[in-house]
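Starting off with a structure, shown below.
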Amino acid sequence: MNEPLYDFRSDNVGGAAPEILEAIVAANVGTASPYGDDDCTRRMNARFAAVFEHEVQVFPLSSGTGSNSIGLAALANPYGAIYCHDTAHINTYECGAPEFFTGAKLVGLPGRGFKLEPAALDEALGLAGRGNPTRVQPFALNITQPTDFGTLHAPAEITALCEVAHRHGLRVHMDGARFANAVAALGCTPADLTWRCGVDVLSLGATKNGAINAEAVVVFDPQLAREIPYRMKRGGQVLSKARFVSAQLERYVADDRWLERARQANANAAALARELTALPGVSLVAPVEINMLFLRMPDAAVAALDRGPFRYYKLGRDVRFVCRHDQEPAGLEALVHCVREAILPSR
Amino acid sequence: MNEPLYDFRSDNVGGAAPEILEAIVAANVGTASPYGDDDCTRRMNARFAAVFEHEVQVFPLSSGTGSNSIGLAALANPYGAIYCHDTAHINTYECGAPEFFTGAKLVGLPGRGFKLEPAALDEALGLAGRGNPTRVQPFALNITQPTDFGTLHAPAEITALCEVAHRHGLRVHMDGARFANAVAALGCTPADLTWRCGVDVLSLGATKNGAINAEAVVVFDPQLAREIPYRMKRGGQVLSKARFVSAQLERYVADDRWLERARQANANAAALARELTALPGVSLVAPVEINMLFLRMPDAAVAALDRGPFRYYKLGRDVRFVCRHDQEPAGLEALVHCVREAILPSR
Amino acid sequence: MNEPLYDFRSDNVGGAAPEILEAIVAANVGTASPYGDDDCTRRMNARFAAVFEHEVQVFPLSSGTGSNSIGLAALANPYGAIYCHDTAHINTYECGAPEFFTGAKLVGLPGRGFKLEPAALDEALGLAGRGNPTRVQPFALNITQPTDFGTLHAPAEITALCEVAHRHGLRVHMDGARFANAVAALGCTPADLTWRCGVDVLSLGATKNGAINAEAVVVFDPQLAREIPYRMKRGGQVLSKARFVSAQLERYVADDRWLERARQANANAAALARELTALPGVSLVAPVEINMLFLRMPDAAVAALDRGPFRYYKLGRDVRFVCRHDQEPAGLEALVHCVREAILPSR
Amino acid sequence: MNEPLYDFRSDNVGGAAPEILEAIVAANVGTASPYGDDDCTRRMNARFAAVFEHEVQVFPLSSGTGSNSIGLAALANPYGAIYCHDTAHINTYECGAPEFFTGAKLVGLPGRGFKLEPAALDEALGLAGRGNPTRVQPFALNITQPTDFGTLHAPAEITALCEVAHRHGLRVHMDGARFANAVAALGCTPADLTWRCGVDVLSLGATKNGAINAEAVVVFDPQLAREIPYRMKRGGQVLSKARFVSAQLERYVADDRWLERARQANANAAALARELTALPGVSLVAPVEINMLFLRMPDAAVAALDRGPFRYYKLGRDVRFVCRHDQEPAGLEALVHCVREAILPSR
């Protein structure tokens, strides 16, 4: 079966970056202690400390869902509430994993741009019934950065949300499945988006940007890390040969390439948006801030795409395109061409 | 930090086999649907069906603990009991993961050779209180093949246990973390050790025998597979880029190399056992049937090992050596030499 | 410490009806099998079958939260979604118990009058991602009848919701903590509000209407009852001397008194509403359909109530009064008098 | 259906003591805050503090299984191990409830007289793998006092077990379903069997000794009580009209009657044991220390019992008789007569 040629479905349909494969091969030397007690994992921890300019404890794992669930469980109590946006990935596309690992209830709130609003969060927490045993007790705030709709929280927005959360006794978890795209787009440092704003735990994904099933739980407060090894083992999240994931993560942030790839993917999406929205009948559903586009377009354009060598997702009447780190330039051109021809036939 | 030269701690301290690395690189072409809906995973399924001579549904994942837990959860009810040997890996070294994923209680039974005995199982199930709501209700039998102490169940032994289990309404799960070593040692086919004996679900590990965090839940009854995708997602066991694990698994069983490696590791252990037990004061704690040795030896020998370039595990007064798939012949010689010199100094 | 004289906080601050106490005393004769295998429980089952005009299996327990959780767990799968109104009691005031017992996620939907709307439910279920492992899978609909804000679903409304639910493969659970008030207010039979509309499991509360910690899970489909005894035991919901709860439940529905009490409480609330809303500045926040009033009233009136011998709940700027089954007529008069004097001083 | 006349099955087949019924009726005055925030519950707390000669926090509930589960959950972590005797009630007859509420694994140990042995516990805890993430981490010790086989731990035995537990960082839970029988038999005070020995949490049962579904979680360390209200609500263990259970508990320990009843039941069992073991072929299976007898007797005697107006339990070849608090003297005589006639016919 031949996969379609130009694939805009998601960044996780892409492959591995060359240096990631090299890192796996390079890690295959000698023996190493299992379960993360190895030199690759120690080097990876040191690298992350440098990149994040902060003491960290980093746990390698293979699943983004697992990474979010473990990150939240580190903050958890078993009769608790995790506050998040209605559209947060943990609330919509993880089949209840965060609830399973934490025993908590997810409380979704609305908010423009798919982002929580500090005042609304403050009000909700004020009404949460702290100390009332008939109510789940708030313990964590989740910020999805970027959001699943490709919007970004500026550092000041994250800081404001963390301030509200901490004032109400919550700790803050950031779902950074596309963290590279956020750092690249905002032109700031990893620290600027995390602990400097008040984030306590980050689930950083490398898979969508060139790694192979390599994710990291990055903990900025050592107290929060104490229970993680047990929770990971109990959740089937500990890797027997962890060195091969840690080696990827270490290499991933070792130089600028992770951000170069993210910058290029973001730029591709911006270019696509520019060219497509120049066409009559094509409009953005959400602002294009990273490597994702949500568009509304004429039926004829959708029909043309469906005939062509394209793969992408539909969400009701809208379409979504995601630019991968390994996007072929020809695919970008072909996509624009196809939509343009459908709307403004060249003959 | 320099790892010691000769490492006999476990098979998971070893690296990856060359063809496994090649398979990962080869899978890095084009795009692929995420979460296991890809051609690599389909090819892997077809390959397993051929190797097992049976219709199968195979789910790739990264963690052996996850694989056992999902395999058991496929058989589960949430007020249930899973019967296993007291020393079963799921009962001793998975930090409660099987209980977490299934909601069930593990009921350990004794048995010689670290193996369950059909008559004792039959008696225990007869006293289990089927239908009595104050008692957990039996739903699964776990067989660890090989056992954590390196002993093997002959096909007839598995058949006898499955017969008892099925007669009492239980389904059977096999923990095959070292399945290759069992197949190699017993000189039979994968089918001979699984569905032909009555095994319903197999957790097959490839990691310990040359793969990189590649494990498979192999389901022989399609009915049992229906809920697995949901349980895997909820348990953070679904891989975003599953193709890279499926490609390993497909390659792993594609020819005889997995069994060659296992045969060699088994043979190395047998040779070690032969040479060491020829020395005065050295005796086997358990029979050597695969690639693991449990020995008792004089204190002087243990002290000598601790001075030398060796890594291995102690269990109380006993020592354990595991022969890896990538064991250096020099290490075997050095180990024998070290122990012999400690017991029978050559000067 | 002296409790305030006139208590409008909730129906569960009231006491026991005389015939309920008599039933407890009458059950204290001889010995009886524990855990519900006794004659009182069998008689209670027969009585419920007659009252509901349908084959039923009824499980006695002590906690309304337990009753809802067990009722839902009877319909459950562990990666599922339970659909309910945003304001459903199970979603707001049970500290996550339904999630704990079922392993499922509660999906709240908005709806006028604190009631779900069939079209909105249909649309939500259509978008739920049936078969997609990244999404929780819908398995149950919860209808709170009456709602926590005292509104009622007419039989036709229940039927319409059940029809949507069943069409999408869900089973229906009704939270009937104030079921008597609903039956009394709607002037229909218990059957008319439950299985005739398509309800599969009812959690019927007797505690708020004159019983002592006596609740019932009423199952209309025997298939759904099979696992309940195990789930109850595992959830600590089985009563050692179940006869004393079953005796209450049997007596509770044995004649018209449960509905008489409910009718009187409903009428008291209606009278209060009539008299209070006749005063300037007093308005209803929700329609008064059972024994609960939600009002907005001038600050002076609230201040007067706070000085007087009254207990009631405030919800933000609103006040809630609940008329108990054992409400003192003097309390009703005193309440009206107090509010009237605050708004229209008589001198 | 006529229940058999003389019922020796268990103490929970018995009824309520007169003063317990009076306490329920007496509590039915006025209104009271729900969920345990009421005067009856406060008076009950004060009474327990006096009876136990210690600051306590007491939580009323209806289920012994719930009481054990909540008591253990107060000590819990979710990747933990609870150590107990193989035959502990929590390990055998609660359908996995303690595991459900705590998320922990029960680790059963053998021990003579159905009691744990300090040295064996010490050894097991020394091998438990503290700090090793592949192993469940010990957090609680359960002592069932009396045991399910009617044997007693002397205060010095409890002290020795608690000392081992505390030294290894565990807290201690006592399952006191028949606590009254233990206090009565040992002739000591409630304090002598609990906090003075090092017990941290006691699940005290009143149901088996004259109350109606009235159980108490008695916490001796205020720190441990903080989370209990939430865990109880989430577990469906909070009672809406808690006053009616608290009133029972308060009355239960208010004077000597609870111990009088227990003393009489114990004495009845001792007398039965004396008379029955005087007969040829009748022997004790376990020492008779409280109100329970485990006997082996000739088949003819068992057959005679099965013909007569007796109810009792068989455990394999043995029989169990429990003397209830409301045992009829005629039943005791009839039982002895029946067995004697079967073994030594009087004609």
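The chains carry the letters A, B, C and D, assigned in the order they are written, with residues numbered from 1 in each.
The rule we apply is simple: a contact is a pair of C-beta atoms (placed from the backbone, for glycine too) under 8 Å apart; a residue touches a chain by one contact, two chains touch by 3 or more.
The shown structure was predicted, so the numbers you read here are calculated from the model rather than taken from an experiment.
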item: Of all other chains, the one whose Cα centre sits farthest from subunit C; value: B
item: Contact-pair overlap exceeding half with B-C, pair selected from A-B, C-D or A-D; value: A-D
item: Geometric centre distance via CA averages, subunit B-subunit A, whole Å; value: 34
item: Chain centre separation (subunit A, subunit D; CA means) in Å; value: 52
item: Whole-Å gap separating subunit A and subunit C, where each centre is the average of the chain's CA atoms; value: 42
item: Set of subunit B residues in contact with two or more other chains; value: 79, 94-96, 100, 103, 133-134, 230, 233-234, 238
item: Subunit B - residues contacting subunit C, complex; value: 35, 77-79, 103, 133-134, 137, 227, 229-234, 238
item: Residue ranges of subunit B in contact with subunit A within the complex; value: 1, 3, 7, 9-10, 12-16, 21, 24-25, 28-34, 39, 42, 62-67, 69-70, 94-97, 100-101, 207-208, 212-213, 230, 233-241, 244-245, 311, 324
item: Contact footprint of subunit A on subunit C as seen in their complex; value: 79-80, 92-96, 99-100, 103-106, 133-136
